[in-house]
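What follows is a set of structures for review.
Each of the next two complexes has chain A plus one more chain, namely chain B in the first and chain C in the second.
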Partner chain A sequence: MVAVGSKCRTCRGSAIIDLPRHNANFCAEHFMELCRRQVVKAIDHFKMLTRDDRILVAVSGGKDSLAVWDLLLDLGYRADGLYVGLGIGEYSETSAVYARAFAEQRDLHLIEVKLRDDYGYDIPTAARATRRVPCSACGMSKRHIFDKAALDGGYTVLVTGHNLDDEAAVLFGNTLRWDVEYLARQLPVLEARAGFPRKVKPLVRLTERETAAWCIVRGIDYLVDECPMALGNKHLAYKSALNAIEETSPGSKAGFYFNFIDNMAPLLAGRALADGLELGACSNCGAPTTGNVCAFCHLAETASAHAPVPVELVMKKGRGKR
Partner chain B sequence: MKVLLRNPSREIEVAGPRRVHALLAKFELNRESHLVICNGTLVPGDAELLDDDVVEIRPVISGGA
Partner chain C sequence: MVAVGSKCRTCRGSAIIDLPRHNANFCAEHFMELCRRQVVKAIDHFKMLTRDDRILVAVSGGKDSLAVWDLLLDLGYRADGLYVGLGIGEYSETSAVYARAFAEQRDLHLIEVKLRDDYGYDIPTAARATRRVPCSACGMSKRHIFDKAALDGGYTVLVTGHNLDDEAAVLFGNTLRWDVEYLARQLPVLEARAGFPRKVKPLVRLTERETAAWCIVRGIDYLVDECPMALGNKHLAYKSALNAIEETSPGSKAGFYFNFIDNMAPLLAGRALADGLELGACSNCGAPTTGNVCAFCHLAETASAHAPVPVELVMKKGRGKR
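This part shows the complex of A and B:
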């Protein structure tokens, strides 16, 4: 390979990455500096974390969650990890290997919850048993377990690896539907409420190309392959559409998301679905719910009573619909 | 050069020399959605790839939210 052209904006050394939205190229050292700066800016601007926080990072074994854990440690925060084994065949087995390796190499505490062992079901079975889209069953399961683990463990804040692309894609989907109740809660910080921990997203100023590059530059091994059950979902289609715009108009994703946060989110304050709801406690697990039994316990009860469903069976069905 | 593509994983031989952005264009891949790694090192869009290089085109988009 012959290096040509690109020089680091900061030091004029050979660049390893071009970032059109910054109209700049960076060497490894100054790319890392940029990432740190963006995360510090997000943490400070949105008042995400303090040095006294007990931090729990939701870790999947993918690039974003390992990058955010690594960045927080790099910036001097102390943080434990939480891995949820979703039972999505080989994909989940491999993702666990990456999450454990990251923690072991750095002598970090990683909490592990396995849906099959701890709740008697897995995501393919839940999708089939409840006739939900797999990503819906997965999201509901993870949110419940994240909340429970954070509260049970006495953590003051739950960190997730949502990046700028994730947030822009969700915003895009919610805007296509003008779903005001969801738009109103699309914030980089969700404050704690009864039964819910505080949740923050320190990577909102980094694209997923940048979080992947952070992992490569830092030598972090992560699961590159996409979840087989997510293939073809709407979220990926929204990301693809936004990246097509970004390629011809660099900075569009950041403008779309941060102008929403600055200009629209304040107008929607108080309009989130949860804002007007009276929540009681689930009679089974104690989690907040509008009914007698929470949605997670309904799902777990139905899915755990169903015979295990191999991931391939659900994938075939899902692909046929798309 | 040997080019590793993902989803599904496969290896393809491509003649060099060729710039990174031209390689992405050849496979109709968006540069916002991919990183290119040449002989184990990240490379920017205008890096020139040669016949004896081993190149990975790594997608960076994930589907969870």
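This part shows the complex of A and C:
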């Protein structure tokens, strides 16, 4: 991770990580200090959280969600966790082990929702039943369950572990299509609206390499594997294109994301798709929807009526199509 | 370029090129037809040219500028050429040979301007004297000379050979920085303003692979080499990042550029840097400028006072810095 003999910028001690974007190397202690400072800066600058907030962290068992939960606790916030069992074979089973272990070791409250037990389907089956790409069915399911759990539990804010690489890649995808309605809502804070909790992303100033290093330095065990259903998706292609640029021009990725927030987002205010929509309540679950039944209930109905599909089958199909 | 046995989409004859973006293969004849159609579509859609225009084509001796000159003549337009000798060693000498040969073979009028003879400097010397990257000094010099030649010659429009890859890469660079003032002027047509001719880019619907194929099919000899001073610049890094995306999702590059034009450019209208500026006349050459002396005259003064620097020297320096 760092050249032998490199010194920490802060204390001149032995460095454990080089951060070309900051043009510096850091020892473990001062790397952690940098991470905390970046998270505090994001929280303060975007007015993400107050000490009075009741915080729910969406936890997957991966590095980002465990790092954000850990960082918030470390910074003195109180926060519960929410784990959604997506039923993606062994991947989901292992991810649950990591999420539970983190919570148990620290005596934290972890809410668990299991798609198969609570809604009668899982992501591989939903992908097959709806003939949508798995990431689409998965995103919709998680969003609905996050919203519902936050509102049902009386939480004032939902935290997700999206890091700078995630946000820059999503921004890149929306920019490649110049999808103005999506670009307009690409912000590190989404305010609460009727039926939706407030949502914030405290890790937007940290890269995924940095959140992984945070976990390693802090001794947090996390699921290293990417979701097997996401392999080869466009999001990963966008990340790798941005990484190629970042390598020749360190800081480009952060510039891309933060200059968007500073220069462009203000010009797009009010243009998000949701801004102009009149929302009613889903006749089935009460969630906000433009129709009679919300998209999640529609998905759950279709998917739960389908015979369970093992993840391997859907992956093979996906790969064949590419 | 195309799998053996591939058939032309139009005539089922033997194909010479595959175009994944159009999901089709073409024979030489119908490939040319496609190129003409794309250029006509760009000219019509963006109202670039009329038959009454007096057209000046900026010609470098490379594939794009010779292709656009050839295509315009092929489509029945009359157009003169303008070649600027940049003094980039053998590269410039060879490029001049190709530009002159094209014009002579077709009995066309080619205006020649030579930086060293007419302004007392060349690009390598300008880069060294101003300590700017060569592409910056080169771009500024060409823009000034293009503008002046078009206005002095009474031309109503200046044509450049920018292709889809060029435009998408410049757009990508400006987007990475979210440089709103530059994004706002990234259009295939720039209208005339006091001191500036109208400028149009008829090749925006063709990729560089397609303009190269046009030249090959038409028997046009062109300088294949990239400019030696541009090697390793960011523009080429942006092209390669977009090419990586294009490979997994054919059509992304065209979508990126044309969705920008359709969805975003209207939101940025009036935000270009030049839109708000009061321009006076350069006390030396009369060109529009915000100051007393225009940036070109300033560059020419500095560079012409400097002892000539051979291109190899500047290139070595550039490479060492990277």
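In this text, the second predicted complex is superposed on the first by the 319 of 322 C-alpha atoms of A that agree within 3 Å, B and C clash if a C-alpha of one lies under 4 Å from a C-alpha of the other, contacts with A are read in each partner's own complex, and residues count from 1 in each chain.
Definition applied: contacts are C-beta pairs under 8 Å (C-beta built on N, C-alpha and C of every residue); 3 or more make two chains touch, one makes a residue touch a chain.
Just so you know, these numbers come straight off a predicted model, no measurement behind them.
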Applying the document's definition of touch, where does A:T175 land relative to chain B and chain C: first, second, both, or neither?
second
First (chain B), second (chain C), both or neither: which does A:D225 touch?
first
A:D165 in the overlay: touching chain B, chain C, both, or neither? Say first, second, both or neither.
first
Looking at the overlay, what does A:H298 touch: chain B (first), chain C (second), both, or neither?
neither
Looking at chain A, does chain B or chain C touch a larger number of its residues?
B
Going by the contact rule set out at the top, does A:N259 touch chain B (first), chain C (second), both, or neither?
second
Based on the superposed arrangement, let me know which partner A:R36 touches: chain B (first), chain C (second), both, or neither?
neither
Which partner chains sit in contact with A:S240 here, chain B, chain C, both or neither? Use first/second/both/neither.
both
Determine, under the contact definition given at the top, whether A:R116 touches first (chain B), second (chain C), both, or neither.
neither
Report for A:H306: first if it touches chain B alone, second if chain C alone, otherwise both or neither.
neither
Using the superposition on A, tell me which residues of chain A are in contact with chain B and, in the other complex, with chain C.
240, 244
Interface with chain B, chain A side, in the complex: residues 1-6, 15-18, 20, 25, 28, 60, 62-64, 135, 138-139, 162, 165-166, 169-170, 207-209, 211-213, 216-217, 224-227, 230-231, 233, 235-236, 239-240, 243-244, 246-247
Seen from chain B, its contact residues with chain A in the complex are 6-7, 9, 17, 19, 30-35, 37-39, 41-50, 53, 58-65
Give every residue of chain C touching chain A within the complex, in rising order.
175-180, 234, 237-238, 240-242, 244-245, 248-249, 252, 255-256, 259-260, 262-264, 267-268
